[in-house]
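Listed after this line are the structures, all set down as structure tokens.
Each of the two complexes below includes chain A, the first together with chain B, the second together with chain C.
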Partner chain A sequence: MAQEDIPERIPTFEEEVSPILKEVVDSVIGPNTTYNHSKVGVWVNQIVEGCMKEIRALPMPRKYIVNCTILQQNGAGLHAATSCFWDNEADTSCTCTRSYKTLVVITTVYGLQL
Partner chain B sequence: MDEEEQKRDTVKIYNPTYLMKPRPGTKFIRVTVEGIMQRILEARLKEVKYDADEMINLSKELCAEIQAEVKKLGYERYKLVTQVVISEAKGQGQRVASRCLWDPEQDNYAQATFRNNTLICVAIVFGCYWE
Partner chain C sequence: MATVAENFSLRPNHKKKFRAPVVKEIMKKVLQQKLDGQEYHPDNVTNYTKEIADTICARLKEVGWDRYKYIVQVVIGEQRGEGLKMGCRCFWDSDTDSYAEEMYTSKQLFCVATVYGIYHY
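Moving on to the complex of A and B:
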């Protein structure tokens, strides 16, 4: 008797999206990359487009916003805050921070249910 | 006093309208929102010096203030996401970028930047129509 594989637990937004973000950032910016002013624009676009491509394939239909900040590490401080006016049960966000020797990458994905 | 507490505790639930477009006059207009954001940033950050402890609260307060002002404009069916990034101006390079998967005719975003001698502030508001 053929049985469909029904997952015991539906993965949360964070569980689905977090590994995607890590993978994309690692593939674009490896541990040996040095901050380069002329290339940042390209990196940021690659990260954001790579994330969007993977996230679009997720099963639940949502509107997505992917935001990426790349900051050069020279001892300066950074604070980021988000405020959201939405439905707490339907909409979520997920943030991933990766720091390397010369730069820091902060990627955030917001998922808004239709 | 009890009535006021009750008013604060009630949660508004919005039912879907199933209208594909926002009603005329209630569409998210980028220019208006950008003007408000720029005004708030300039008023709040003009004389401020970057201080690691104070910035924690300041970034949250700015976020809440921008959100409250945009809500006052009356975008009834819009979900708003406000993001504020404050960094110290020490000569480092920085890049902030976003990509969105949404309906470009209904949804939009607004951004504002502010610089002074010690800090750089980038604020973004995304508005997504919810039917």
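Moving on to the complex of A and C:
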């Protein structure tokens, strides 16, 4: 009964994906970035594509949806809700919200098992 | 989700695929019904988002597409002239899976609803 035979603990979806999201958002949008209407489209694309590249490389075969919302901070309120009709044991999601001085970035990843 | 013993196909019948225009219509009706004449108050908007998401999900189940999983996302924000950009990337089977989106705007608030339909093989 060698110790090497015992498999490592399988990381949860959240543990695998959360650091990826944080890293990608931080690399695209630094703490000194100001909201710029003409660049927002580019930022959203960069964040979403960057996340998808890393997430696709994860070992478990799943279908993924990566969603990113960038909102300008000017005192207005925002609410978001998600309702899912899926298999609670097989499918999960992970959300990461980052606030900066002039903008807020909300990134969500949904992973659905085949 | 019901399984039919005689049916062993891995793909949905083309008549029973996720159709974006049908879902868009459903979302439009729900948004208009729930948000017409409403104002943005932090207390009740939380309930609106949840109600709208749950209502759309319930109506989708009634459409009767077999073996589909749905993700309904609803975002409601106050109209103050701020900028907002939403984007998404999907890693799926584009033959069977699709999405639909609908926006609703009024003087006090705006609402964006997105539905993703994923086929379960």
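Here is the rule we use: the second predicted complex is superposed on the first by the 107 of 114 C-alpha atoms of A that agree within 3 Å, B and C clash if a C-alpha of one lies under 4 Å from a C-alpha of the other, contacts with A are read in each partner's own complex, and residues count from 1 in each chain.
To be clear about the criterion, a residue touches a chain if its C-beta (ideal position, glycine included) is under 8 Å from a C-beta of that chain, and two chains touch if they have at least 3 such contacts.
What you see is a predicted model, and the numbers here were worked out from it, not measured in a lab.
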(request) With the two complexes overlaid on their shared chain, look at chain A and say whether chain B and chain C clash or fit. (result) clash
(message) Taking the superposition on A as described, I'd like to know which of chain B and chain C A:Glu23 touches: first, second, both or neither.
(response) neither
(message) On the A-aligned overlay, A:Glu15 touches which partner chain: chain B = first, chain C = second, or both, or neither?
(response) neither
(request) Return first, second, both or neither, reflecting whether A:Glu49 touches chain B, chain C, both chains, or no partner chain. (result) both
(message) According to the stated criteria, A:Leu71 is in contact with first (chain B), second (chain C), both, or neither; which is it?
(response) both
(message) By the touch definition above, which chain A residues appear in both interfaces, chain B in one complex and chain C in the other?
(response) 35, 37, 40-41, 43-45, 48-49, 51-52, 55-56, 63-87, 91, 93, 108, 110, 112, 114
(request) Within their complex, state which residues of chain A touch chain C. (result) 35, 37, 40-41, 43-45, 47-49, 51-52, 55-56, 63-87, 91, 93, 108, 110, 112, 114
(request) Would you mind writing out the residues of chain C in touch with chain A in their complex? (result) 40, 42, 45-46, 48-50, 52-54, 56-57, 60-61, 69-93, 97, 114, 116, 118, 120-121
(request) Using the touch rule from the top, collect the residues of chain A that touch chain B in their complex. (result) 35, 37, 40-41, 43-45, 48-49, 51-52, 55-56, 63-87, 91, 93, 108, 110, 112, 114
(request) Using the touch definition up top, name the residues of chain B that touch chain A in the complex. (result) 14, 50, 52, 55-56, 58-60, 62-64, 66-67, 71, 79-103, 107, 124, 126, 128, 130-131
